[in-house]
């Protein structure tokens, strides 16, 4: 399945590996932060409503 | 209704909500398609062997590294002139994505160059320019982080982006001048100017599109987070001072 | 405006000002390099213009955060903002004061330090010329950076991170002018580019820096 990468196998694979890893970290970090901030905001909004009501 | 109506934070949250999952799915599809196609189903280059496959990650990331900075420049200008908060926050949101793209371009560029030049890093004008761009991104992000007041931060980082852009272009010329004597013509990039046959070009196009859509998804997601974060800080400030009340932040 | 300039110069030369510190730093860096790369005079002669340029650049960097700091802390900056001089003029004078007190001494000291690094005879004049042409740009760019970070308590490191990438074109053309001159090659192009950068930066950055100061004073 893996194509014959010849003598540059390590280079090609490490390039792809590094790229996928970095993109994965970026996406994951963005996602986690988004969720966390959203939860904190909802909690703060709820507190505000309680305080007013 | 002018286009600027869409820049209002509430409206932005409204129209961006369905786009994030849509773009994410589209990006995943395009990137998977492009990379699989490029990695498994394209031939080797007679000069570079299988390392030519790095083109499918190096070129899209390098393009995005530059395009994201340009987007930040435009967004900063819109903030400085028209004071649309969403614009300032979008620039802030884009920077980390740009950093990662620049980093990918640098790493893949260095790896690609290694078999050609026999060294892990060479002060090739392209790579050097990307290194400088990396530093610009870092400085921009550091300035955002250092300043408390969000509007002041937006103004100062906007000015930095403006001035930085001029110097980034200037640096490009300076670095080319600096590296004149060496490696003439042996630069890394497989430009579109060279005759890339369709065999390489089509999956490359798909990858470039995939990276672009990925950026769109991420920047929308991150901008939404920034908007929420701002609102959160306003509420927390109100909690601290004990004031209760409704109203916009 | 000249009153402002004289005042800043006096402040800089007084104890605690950047004046002596920058020079000492320049000397130290120049002395450290041979320890780092070995005493081979051929090698040193080749890298001397570059080392001297980098040393001068870093020494300039040291005194940048002083440009606005004192005035910021005691409120004089706000007063200056309301004075009849436009803020752009204030910024320009401050950059000039920095250049006269911090950078010019480096330009004058460079030939002396060049002796330590075996700078070729032909290189002395070109080194001084390139530094004289390029250091005003360093001062002006540094003033812009100082304006950005003026409100921050420990902005020094951030200031360096912001300013050093902006310094790269000046450094490249300055070093190329000095190096090519030292090797007897044609160096009109980098010299012209250097002069161009200084001219452009002096004409345009005061506006950017003034805008930034106004933002910080809000």
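Should a chain be cited, it is by its letter among A, B and C, assigned in written order, with residues numbered from 1 in that chain.
Note that contacts are C-beta pairs under 8 Å (C-beta built on N, C-alpha and C of every residue); 3 or more make two chains touch, one makes a residue touch a chain.
Just so it is clear, the structure is predicted and the values come from calculations on it, not from any experiment.
Enquirer: Which two chains meet at the most C-beta pairs?
Expert: The largest set of C-beta contacts joins the chains A-B.
Enquirer: Taking each chain's centre as the average of its Cα atoms, which chain lies closest to the overall Cα centroid?
Expert: When every chain is reduced to its C-alpha mean, the one closest to the whole-protein mean is B.
Enquirer: Can you check how far apart chain B and chain C are, centre to centre, with Cα atoms defining each centre and the answer in Å?
Expert: That pair's centroid distance is 31 Å.
Enquirer: In angstrom, rounded to a whole number, how far apart do the mean CA points of chain A and chain B lie?
Expert: 15
Enquirer: What whole-number Å value describes the gap between the mean CA coordinates of chain A and chain C?
Expert: One centre to the other, that is 41 Å.
Enquirer: Which of the residues in chain A end up touching chain B in this complex?
Expert: My answer: residues 1, 3-9, 11-12, 14-16, 18-19, 22-23, 25-27, 30-31, 33-34, 37-38, 40-41, 44-45, 47-48, 51-52.
Enquirer: Show me the residue ranges of chain C that touch chain B in the complex, using the header's touch definition.
Expert: 144, 148-149, 151-152, 155, 158, 161-162, 164-166, 168-169, 172-173, 176, 189-190, 193, 197, 205, 208, 211-212, 215-216, 218
Enquirer: What part of chain B is in contact with chain A in the complex they form?
Expert: Counting only chain B, the residues touching chain A are 35, 39-40, 44, 49-51, 53-54, 57-58, 61, 96-97, 100, 103-104, 107-108, 111-112, 114-115, 214, 218, 221-222, 224-225, 228-229, 231-232, 235-236, 238-239, 244-246.
Enquirer: Touching chain C in the complex: which residues of chain B?
Expert: 132, 135-136, 138-139, 142-143, 146-147, 152, 155-156, 159-160, 162-164, 167, 170-171, 173-175, 177-178
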